[in-house]
Structures are given as C-alpha cells and as structure tokens.
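Look for chain A in each of the two complexes below; its partner is chain B in the first and chain C in the second.
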Partner chain A sequence: MAKKMKIVTVCGCGLGSSLMAKTSIEKIMKEFGVTASIEASDAGTAKGYPSDLVVTTTMLKPRVGEIPGTPVVAVKSFMNVDELREVMRPHVEEFKKKNNM
Partner chain B sequence: MTVINFLINEVFVEAPVFLGLVALIGLLLQKKSGAEVLEGTIKTIVGMIILNSGIGVFLGSLSPLTTLLNNSFGITGVLPDCFGPYGVAMQTYGVEIPMAFVLAFVLHLLLVRILPFKNTKNVFLTGHIMLFNASIMLLVGRSALGLTGGAQIAFSAVMTALFWTFMPAIARPFTDPVTDKRFTLGHLQTLDLPVGKWFGGLAKSKRADELELPGIFNLFSDYTVLLCVLMPVMYIIIGLTAGKAAVDSISDGGNWIVWLIMQGITFAAGIAIVLYGVRMFLAAMIPAFEGISKKLLPGTQPALDSPVFFQYSPAGSMLGFVSCFVTMVIFTLVQVAIGSPVVIFPGPIFFFFDGALAGVFGDIHGGWVGAIIAGAVIAIVINVAALVTYPFQAEFFAGTGLMFGGGDYLIWAPIFWLLKFIGGALGLAA
Partner chain C sequence: MTKINDTMDSLQNALPAEQINLNVCAHDWQEAVREAGQLLLKTDAIYPQYIDAMIQTAKELGPYIVIAKGIAMPHAASEAGVKRTALSLVKLAHPIEFGNPDNDPVELVIGLAAIDGKTHVNTMRMLAELIIDPDRLARLFAAQTKEEILQVIAQ
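This part shows the complex of A and B:
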C-alpha cells in the first residue's frame, strides 16, 4: 500500500474554512496522484498533531508558528484552489521523491 | 420486527450512535473507502461522547458564576454563545437536532432549486452554524407553539431551511463585489454586512491595513487563546463586584482570585472540548453536503463561514473585534446600572467573529474608522437580538446561564413572536 501523506488544514476554530480547504486539497492530491489523509484543525491542535504538511492562511500563520520537522505553508485564501495547489506543489513533490513514488 | 424495534427504541435513540449513523451515510455518499468510512463513523461517535464530557466541564465552571450573580445581585446573567448551548441542547435533543439538520438540508436544496431568485442560488455549508440553527428552531417550536416529537422536528427543519436559503440571499449583494461571485456568507452574521456598509461607510478614512497595529492583536486570532485570556477577566470582574465572602461561599476554599481565574480557564477548556467533538461530525458531513449540492445544483455559490472574508481586511477584522468587545462591555455595564432583570454578558464568540466580520466590511466601505463604527453597531445588534430571543430559551436553559445568540435572529425575532402569539391564542404554548 502506498504511503499516505498526512495534511492538516488550520483555521480559527478548525471547522469552518479549514473544512472547505480539506475538500479542495482532497481534489488537488488526486491530481498529484498521492493518497492523503486530511484533518481540519485549529492552530493549537495542529502543533501537537504529527503530519507531513500544515496548510493555513497568511493571517493565522504566526499563530501556527514553526513546527519542528513539519513544513507550514500559508495561502491568502482557502477558497483559491490554484493558490493552494502552487504552495503545496514543492512539498508534495518532495514527499513523492522521499517515498519513491 | 423485534430486531427493528430494538434498533429504533434502544440503539438509535442513543445520540452518539444516531450521529454516527448520519455520518456513516454521509461518508458512503462520498464513496469513501471502507477504512475511511469506519474511521469517520467511529470518530463521530467518539466526538459526541467527548462533546458530552465537555458540557460537564464548562457548565461546572459557569454555574457557580451565575449562582453568584443571582445571590449577590438578584439578576439573571446570560452568556450568549453557540457551542456551549449546542452541547446542552444535544443532551435533551440528541436525536432531534441531527434529524432536523439533515431534513432541513434536503428542504434547503429543494428551495434553492425551485425558487426563481438569482440571489437564493446559494448552498449553506457552514456546518456548525447549521447545527446551531436546527437547535434554536427546535427550542422556538417548543416554546412558541408547544410542539414535541415529529412536529417539533418538522417545524425546526422548515424554519432552518428558510434560514439557510434566505440569509445568504441577503448577503449576496454585499459579498458579490468583494468575492467576485465565487462564494458568499452562510452565517448568523449576515447583518454584519449591511452594518459594515451602511454604518462603516459613513466614515471616510484610510484603509485599516495602512495602519501599524501592535503585535498583541495577533494573539487573538485563536479562539481558545482568546477565551483563556478574556473569561478569567470576566470572572474576576464579577467576583470582585460580588466580594470575597460571596466567592468563598461557593468556591472550594483556596485563594479566591486564583479560583476565579481557574474557573475562567476551565470554561475555555470546556468549549475547546465541545469544539473538538463538533469537528468530528462535521468533517464527515460537510464534504458530503458539498458533493451532493455540486451534483444537484451546479452553478450555485457556496455560503461559507465568516473567516473566509477576513483576508479582505485582516487589520479591519482586528479593529472590529476590539470595538465590538468594548461596546458589549459597556452594554453590560449599562444594563447593570439601570437594574435590568436580565443582563447579557459579552459573548466571546460574537465579539470575536461578528466584530471581525463587521470590521472587514466597515473597513472596505469606510476605512479604519468605519471598521470601528461597524464593530460597535453590530455589538448592539447582537445584544438586542439576544434580549428579544431570550424568552424563547429561558426555560430550556434555566440554571445554565447560557443561551443561543446571533445577530441575525433580530430579523427572525418578529416571526418567533408572531408564532408565540398564534400559539398563545390557540392555547398551544407550553
């Protein structure tokens, strides 16, 4: 079984816009051909939750801060699929390389 | 037959199981793999049990406070909130709420499909607000018309579907120019938009983002952090007003100020637990709702949670939030001063999210001064809405010090009161 990429989306409460981002990212990951498990969360929870990539908004990025070993990327808007795809691309490619996909 | 009866009367009436069942259907509709369906269903069931324990945590910290108010001042203090009251409502209506929620969504899609208006072509997808809507409409049905059981669920489903169909339609003229018709607002905060445009627009000042705001503002972009800072402050203020003796009489000994602070933080922790519980269920449901609506109603705008608008003016959202908070504190103090029998506390979820959204639209139309004006005006809208809808909830939430708030209920209050009048005339009201 192919390795799953774990992605966490972060918004203020972890149930509004991060859930919308989750649906968009699901589609993006299908395009990249990588299976992913995606969790919507708030900033605090994201820090303690092991993942391969954290996606948040530029407004919340300072709140998420640095997470050792996990890249954190930010978009201006969760509703912009193109923006999401572009910020995620390098990290997804790296994940693919690391796992010989 | 016995098996079916057993399932209906013994298993599905357990709220966590029923919620899990709804999530299961949602996941199956998304054609998820077997493992994912199982995971999502189990997480929803566990989430509901987590939610139940969260209620205990924050009620345990809220009830001493309301006791203090009642004993020391003879006033009823209520905190308008969403997650807290939802948790309490789920204890009584654990099956009714998700039933009304699902039914309302079906009705909502139907309404969007058949109504000929351009502005009603939106699908409401802010899951937690949808649960709160279904809950408050159940309470109104009971309180105004004395409904129970199936009739109560049906009433809530119809009212909730109307809410989801018409509130985003009101938002559309305000959001279309801002979002370029990609999405609109689906919330209890629709009134933030006209308030931002009409009141905020009275000002002519430079945009909020051109100001340098101190970094401390960033601390408040996380809801749990915000609660942990503000709730202890609120507890201390009330504690100081009541006096040490009054606090000692309800605390477990120990230093009274420390006790008040800990109660405030415990409240925040309780809400964080409830949030976590709600998240599990919504993570299973909302993508399903989104998938269904995209298939059945192509070309509709999604009506989304308010933070998706904060990007249009991050600084305006901060100004709006602070101004809304200050106005709500003043509102509370005025109520205490004039001896109002019901005192509305500043509801953190409202000054945080509503204040911010009003600030965004205030800033767009009137600059940073506009953001501050909009935050202040929406504070009054929310608290007046709370006052006029409290009678429909007072009995249900008696002793908890909580109620469902939401500025948009100001538009709905006349309908609630009309129903109550009809209910009273027909001798239906409970």
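This part shows the complex of A and C:
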C-alpha cells in the first residue's frame, strides 16, 4: 500500500477552520493522487504531532513557529483551494519523490 | 444513542432558522461577534461567558477568525461555556473591518460553539463544502431572507 502523507492543519483552537481545512486539503490530495491522513490541531499542540507537513494561516504562522524537521506552510484562507494547492504542491511533490510515487 | 448523535452532526441541524439573522447593524468587529454570540445564547447553546471568550480568543490570536474573504467564524474553546454544538449566522447590514488584511471586510459572521473536537466534524465538512463552492457561496452572500439561506445550506 502506498505511504500516507501525514498533514496537520492548525487553527487557534483546533475546532473551527482547521477542521474545515481537512475538506479542502482532501480535495487537493485527491488531485495529486496521494493518500493523506489529515489531523486538525491548535497552534500549541501542533508541535507534538509528528507529520510530513503542517498547514496553517498567515495570521497564525508566528504562533506555530518552526517545527524541526517538518515544513510549515501558511495560506491566507483554508477555503481558497487554488492558494492551498500552490502552497502545498512543492511539499507533496517532494513527498512523492521521497517515496518513489 | 451514538447513531442519533451521528445524524445530528449536519449543517442543517447545527444552523436552524432561529440561529440566523439578517441585516444586522454592527459598528465594529466586537459588536458583530456579540451578535453571532447572542443567537447562540438565545437558543441556549452557550452560557453568557462564552461570548466574552469568543472576543478574547480573537484578541489573543488576532483576526485569524476571518476564515475566508468576507467570512468570520468567531469561536472559543469548548470549556469556555458551550452547552451544545451549534452554529449561528449573522449577515451584516454593512461590511466591517476585522483587521485581517487578506479577507476583510466581513459580511458574514458564523458563530461556532463546539462541545468537543469531534461531534461537529461532519457539520464543519458541510460548511467547508459550501464555502469552497463558488456558486453556493455567491448565493449565500446574495441571500436576502432566512429561507434563501436555509436553501443554500440544505443543497
């Protein structure tokens, strides 16, 4: 079975927009042809989740900060599928390459 | 019991007509958030202190609550005074600046009360599907009556 890409979405409480982001990211990952497991989280606990990519918003990025070994990307809106796709693309491509997909 | 809860986790159930208000006048973002909170309070989804927590969260974390162009979704942590999972929708008479350079001004305020991190997962999925669908979103922004809003939600 193909390896799953682990993605963590981050919003302030892990209750609102990060859950909604799962919907838009699932759609994008389908387009990329990569299976993903997507977890919604808040800014504080995101650091504790090992993942392949952290996706947050520009407003919250300073709160998330740097996570050693995990790229953190930010979008203006989780609901903008085009913006999300472009921001995520290099990281999804790299994941595919790394896993010979 | 679980089954009943599962079917309740939908956008229609979370956002009934009495939690929607149109043509609401607010002078600043805090008033706009309070309006969305009042609808949740009136329908007994929250304790009064949850409204203050919504404002406090927005102050602490910044105007990240403007989740998409023209749409704010204020909320606070479940422990801040949530009685049951619910949404409210306020359509402002005049767009308001929340201080989010990317997505201001705000026309729609969606109040969110979540009892935990799980029971509203499907509701949020349905809300996200609505917002990422340009046709449905345009109809939501153009809606003039509760009935029109409920139709977009139910679609």
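Methods note: the second predicted complex is superposed on the first by the 101 of 101 C-alpha atoms of A that agree within 3 Å, B and C clash if a C-alpha of one lies under 4 Å from a C-alpha of the other, contacts with A are read in each partner's own complex, and residues count from 1 in each chain.
Everything below uses one rule, namely that a residue touches a chain if its C-beta (ideal position, glycine included) is under 8 Å from a C-beta of that chain, and two chains touch if they have at least 3 such contacts.
All values derive from a computational prediction rather than experimental measurement.
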Given the alignment on chain A, is it a clash or a fit between chain B and chain C?
clash
Please work out whether A:27 is in contact with chain B alone, chain C alone, both, or neither, and reply first, second, both or neither.
second
Now for A:101: first (chain B), second (chain C), both, or neither, which partner does it touch?
neither
In the superposed arrangement, which partner chain does A:13 touch: chain B (first), chain C (second), both, or neither?
both
Contact-wise, after the overlay, does A:40 reach chain B, chain C, both or neither (first, second, both, neither)?
both
Would you sort A:57 into first (chain B), second (chain C), both or neither based on which partner it touches?
both
Touch test for A:67: chain B only (first), chain C only (second), both, or neither?
neither
Looking at the overlay, what does A:81 touch: chain B (first), chain C (second), both, or neither?
second
Stretch of chain B penetrating chain C in the combined three-chain arrangement, among 77-85, 149-157 or 329-337:
77-85
Residue by residue on chain A, keep only those touching chain B in one complex and chain C in the other, then list them.
11-17, 19-20, 22-23, 40, 43, 57-60, 63, 76-79
Using the touch rule from the top, collect the residues of chain B that touch chain A in their complex.
125-128, 179, 182-183, 218, 221-225, 275-276, 278-279, 282-283, 286-287, 290, 302, 304-308, 310-311, 314, 353
What residues on chain A touch chain B, complex-wise?
11-17, 19-20, 22-23, 26, 39-45, 57-60, 62-63, 76-79
Within their complex, chain A touches chain C through residues 11-17, 19-24, 27, 40, 43, 57-60, 63, 76-81
Chain A partner contacts - residues on chain C that touch it in the complex:
57, 61-65, 67-69, 71, 73, 75-78, 100, 102-103, 112, 114, 117, 120-121, 124-125, 127-129, 131-132
